[in-house]
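Next come two complexes, and both contain subunit A; in the first it sits with subunit B, in the second with subunit C.
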Partner chain A sequence: MTKTIGDTILRVEDLQTELRTKMGVFKAVDGVSFTLRQGETLGIVGESGSGKSMTALSLLGVLPKPAGKIVGGRVMFDGQDLLTKSEQQMRRIRGGSISMVLQDPQTSLNPVYTIGSQVTEAIALHRDVPRRSRIGRAIDALREVHVAAPEQRVKDYPHQMSGGMKQRVSGAIAISCEPKILIADEPTTALDVTIQSQYLRLLREIQDRSGLSVIFITHDFGIVANMCDSVAVMYAGRVVEYGPVRDLFNNPRHPYTRALLNSVPTMDRRVERLYSIPGQPPALWDLPKGCHFLPRCPFAEQRCETAYPPDIAAVGLGAGAHTARCWKLEDPTW
Partner chain B sequence: MAVIESAEPNAFRRMWRWLRGYPLIPIFVLLVLLVFPAIFADVLAPHDPTQGAIRNRRQPPIFFGGTWEYPLGTDRLGRDILSRIMYGARVSLSISLVGIFVGGLIGVTLGMLAGYFRGWLDAVIMRLVEISLALPAILLALVLAAATGPSFQTIIVVVAFVLWALYARQVRGEVLSIRERDYVARARVAGASELWIMVRHILPNVANTIIVLATLQVGSVIILEATLSFLGLGVPRPTPAWGLMVADGRQLIVSAWWISFFPGLAITLTVFSLNLLGDWLRDRLDPRLAQV
Partner chain C sequence: MQRYLARRILQSLITLLAISVVVFALSRLSGNPVDALLPDDATPEEAAIVMQEWGLDRPLHIQYWSFLRNAVQGNLGDSLKWPGETAMAMVWQRLPATLQLGGFAIIVSTLIAIPIGVLAAVNKGKWFDGFGKLIALIGQAVPSFWLAIVLIWVFAVHWNVFPTSGRGGLEHMVLPAIAMGWYQVAALMRLTRSATLEVLDNEYIKLARLKGVPEWRVIWVHTLRNAAITPLTYFGVIVGYIFTGSVVIETVFAWPGTGLLAIEAIRARDYTVVQAVVLTFAVVFIVANLIVDVLYAVVDPRIRYT
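Entry: the complex of A and B
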């Protein structure tokens, strides 16, 4: 696979998103930072409720209303901070320069419209294409995601298609306006394994062709290893470890990352019982003092209780650095 | 041992179910009774509905001693009841259509806004809905009619006021669930505006509900209109309205039963057929049954 990675196109700095719920006000995303370069695939991994999806929704400014609110940080895209843009300006960016594929293909298409009209909808929202040639663009977009006989398929309704096909149509909608960044929120979770690998191959193919950058939200380390150039591991709303994929897999620094990697079944190790992390992720409205992973961490010490650890570089500095937020990294022997 | 009640539905329910299987029957009844006469009353009606000859008053219907000249008899002013029922259909139909349209438009709009935006807007609109549902329609009509005098417009206002809350409540409920669907989220991340999402993605998905509700309501609006007219709060005399005709005949019910009976029968059959049709439509348009 020859993939060229270019300049930084998205820089997220100290993003903070609050959620107001019956449980109280808490930070669903707390100081998340990462960069995305052109053509790069960034994996965001974490358990349910770790803030992966909230991060993605914050980038696009489509948090659930009225519960969600961005309270701090910057999202630099194209030299501008997206968080300062008006709703109208953001609308142009959503689906235009940054688009998103959602998790469940079964419900992400409107049952009352044909496939064709749903693909052309995105084009109509963003590109000044005359009505008549939009359908041609839609057919092209469907062909790009390998929908067979797109000329006929544009007349079909969603219920006439399989799950994998629908997910590819969603993909076609997402890339129909040639975005620079695609956010994929667990796009393969609802698909079975063979369709999943087909879909991932397709995604890579599109990426090779167009130089698209992808933010891949998943909880599947297999997909991360396959698809991503760098990884951010999230826990309780924070990025606990961030670095190039190879580095992170070969040399995980944070106890949480280690535990996660340990709980992935492998072909070359034979185990009676797969490792699982004891306990449960903390409730965001009731976080432990100090390190949030403390109650589940096998290496917990006194200092972990005093304060949340800062970002500590494990390898290198600046772009391509591998960092983790654990006090243990201060020890030379860790 | 206790007597076990039969699980068999009673005769009425059985008949209802049987009729529901044949939607053409209510449609036919409606066409013959309501739509057709309403549109072609000028051509079909054998007599002028407002002019009668006193000497022909209280003619019984045919088969009860009457003549083909007045098939359903005449009222106490000698006006032809058949002609008046035909013109009355026009009144009933136009009031229910316009009233439901106005009430539906207001109700659907407010219901969509409430369900989509939630928050304080939802709270305000739903409290208005509750207030509106708590007010008796008749009382409201009384006040309005007293203030402005009974007229076509007054009835429309009353009908719209009675109906909008039902639409608002129903539509809000549907929108609450539809707004959480992934295709709404997808449209949002594709850069669609709130208005675009509401009109293009949510409205078509609540359309079935609206259609069924509207169909079921034509019947109740006809009853409402008849009630208002019966009480003298509806369309003013001498416009032939079914409720008014029933009211006109009530003193003579013993001696000239047909004056009240035939307009009453028209109301009954129309409303019955409309409910049948609405029920059938509801089954047919139920998205849970339609797709899959």
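Entry: the complex of A and C
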């Protein structure tokens, strides 16, 4: 299987999203930048609350209301900044050019409408297909995600399907309008392991066939190694390390990435206790002044307390560069 | 579904039987109807003759049995106050007026309450939500008889835009329907609001937005049908409230329906008519709840009856 990766189709620059809550206003996404090329799979990794999902929802302008608000940055797609588009223009993009699969298949389909009507709804919204042929298109989309007997299944309701099957239906909805980008927000977290690998294989298959670019949000490094071309590691709303997957795995530069990789259990090493990063991720309304990882970092220095480090290139520049936000990178022996 | 319906209808009949016992017992407990029938100077002998004539001297269980046997055949006895009329005929004559007013009140309050409830949820915390809360507060705090009097005073007497009382065209229904329905609007609206809020939090609503579904469709198509179950449950209760409320409202507005008939019959101690009215209300209430149960399955495909 060879994958061809083409030109950049999505460029996120300095994206900033605020959440206004009872605890105050804070940045859930704080200066996130990355690029996505045609056919590429980008993994966004991080703990819960690190801003992975908020980043994805910001791209599509579907933030929780009224708490979420994008306050800065650019999202360049097809030569245009999505953040300047009207709600109506964004509606055409959502589910049309950029679609999304959510985490929990049990709750992401509407229980009172048939599978068929939920797939055809997306087609009706985005593609100029006459009413009578829409169901045919829906059946085709279901067949593409390997739903058995799709002609019968379209009449079923979500509660008549298994979790894995529902997640396939979500996938069918997402690809039914032939999007350019698919954002998969932990699509396999709620599935059991065998169904998980089937689903991942399916995603790869669709990608090979259509040249789709995928943003894969996960906290599972195994999936990242398996699926992704590049990775962005997020911590407390910021991308702390970003680079090609092989580079980042072989040579993690940020102490947080190292710690994360260390906490992945391996089969060839016997350990008494599994490694875990000491401390807790910081609350977004109570961030340390300098580097957000400081309280948990074994390598912390004086300067980490005063200023958040900029992006420092570990390897290369421009596309394919490997960068991390840690002062340590200035040290050639690190 | 058919088996479920059959079972539910059987249950309804048992309920009705229980109600018939209560109705029968209550009407005996309210005093001797003979006292109301006879002039004050009637002798005990004359009373005994009337008692015998009406079968009131027989043991209670025998009286109940004959009451039930006749009731099953639709015969609830003759009216004591209106000679020559059967109790059922009195009810049938008045029922259309109550169904007309009650039906109008229910339809209008539903059409008002559901959209306000949904919009209050969508605009949670904004001025519209506050407006909805105000409407609900008034509806739930103000007693309907008092509201009725105020409405008559303001709109019929002071501004003279609606008639004070009686049955006639649409304009005759406006004030009584408001007096009857405001409480229902309040209750239904609050239920709709909380149900909508709960549904809006769901992942499938997020997914609908992510699919590019326009916001109006997200709310009125994706959300409302899921949120509809709660207000639908309350619908059976509303029918009960409207019918029992008709006793008060029809009296205030002199609306010639079964509610007014009930009051007239109670005053005259015409217990056969009272029984007929109460049993009719019970049947209406039971049928309404049966319809609600069937509608559940129509609204929510997860509900399947066997």
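Operating definition for what follows: the second predicted complex is superposed on the first by the 334 of 334 C-alpha atoms of A that agree within 3 Å, B and C clash if a C-alpha of one lies under 4 Å from a C-alpha of the other, contacts with A are read in each partner's own complex, and residues count from 1 in each chain.
Keep this in mind: contacts are C-beta pairs under 8 Å (C-beta built on N, C-alpha and C of every residue); 3 or more make two chains touch, one makes a residue touch a chain.
Since we're looking at a predicted model, the values are computed, not measured.
Visitor: Is A:Thr218 touching the first partner subunit B, the second partner subunit C, both, or neither of them?
Guide: In the superposed model, A:Thr218 contacts neither subunit B nor subunit C.
Visitor: Touch check for A:Thr41: first (subunit B), second (subunit C), both, or neither?
Guide: The answer is neither, since A:Thr41 touches no partner chain.
Visitor: Counting only touches as set out at the top, which of subunit B and subunit C does A:Gln196 meet: first, second, both, neither?
Guide: neither
Visitor: Go through the superposed model and pick first if A:Ser50 touches only subunit B, second if only subunit C, both, or neither.
Guide: neither
Visitor: Share the list of subunit A residues that count as touching for subunit B in one structure and for subunit C in the other.
Guide: Shared contact residues on subunit A (touching subunit B in one complex, subunit C in the other): 60, 62, 91-96, 99-100, 102-104, 107-113, 121-122, 125-126, 159, 170, 173.
Visitor: Going by the contact rule set out above, which residues of subunit A touch subunit C in the complex?
Guide: 60, 62, 87, 91-96, 99-100, 102-104, 107-114, 121-122, 125-126, 157, 159, 170, 173
Visitor: Please name which positions on subunit B make contact with subunit A in the complex.
Guide: It is residues 117-119, 181-183, 185-193, 196, 200-201, 204-205, 287, 291-292 of subunit B that touch subunit A.
Visitor: Could you list, by residue number, the parts of subunit C that touch subunit A in their complex?
Guide: Against subunit A, subunit C makes touches at 202-204, 206-215, 222, 225-226, 299-302.
Visitor: In their complex, what parts of subunit A are in touch with subunit B?
Guide: Within the complex, subunit A contacts subunit B at residues 60, 62, 65-66, 91-96, 99-100, 102-104, 107-113, 121-122, 125-126, 159, 170, 173-174, 183.
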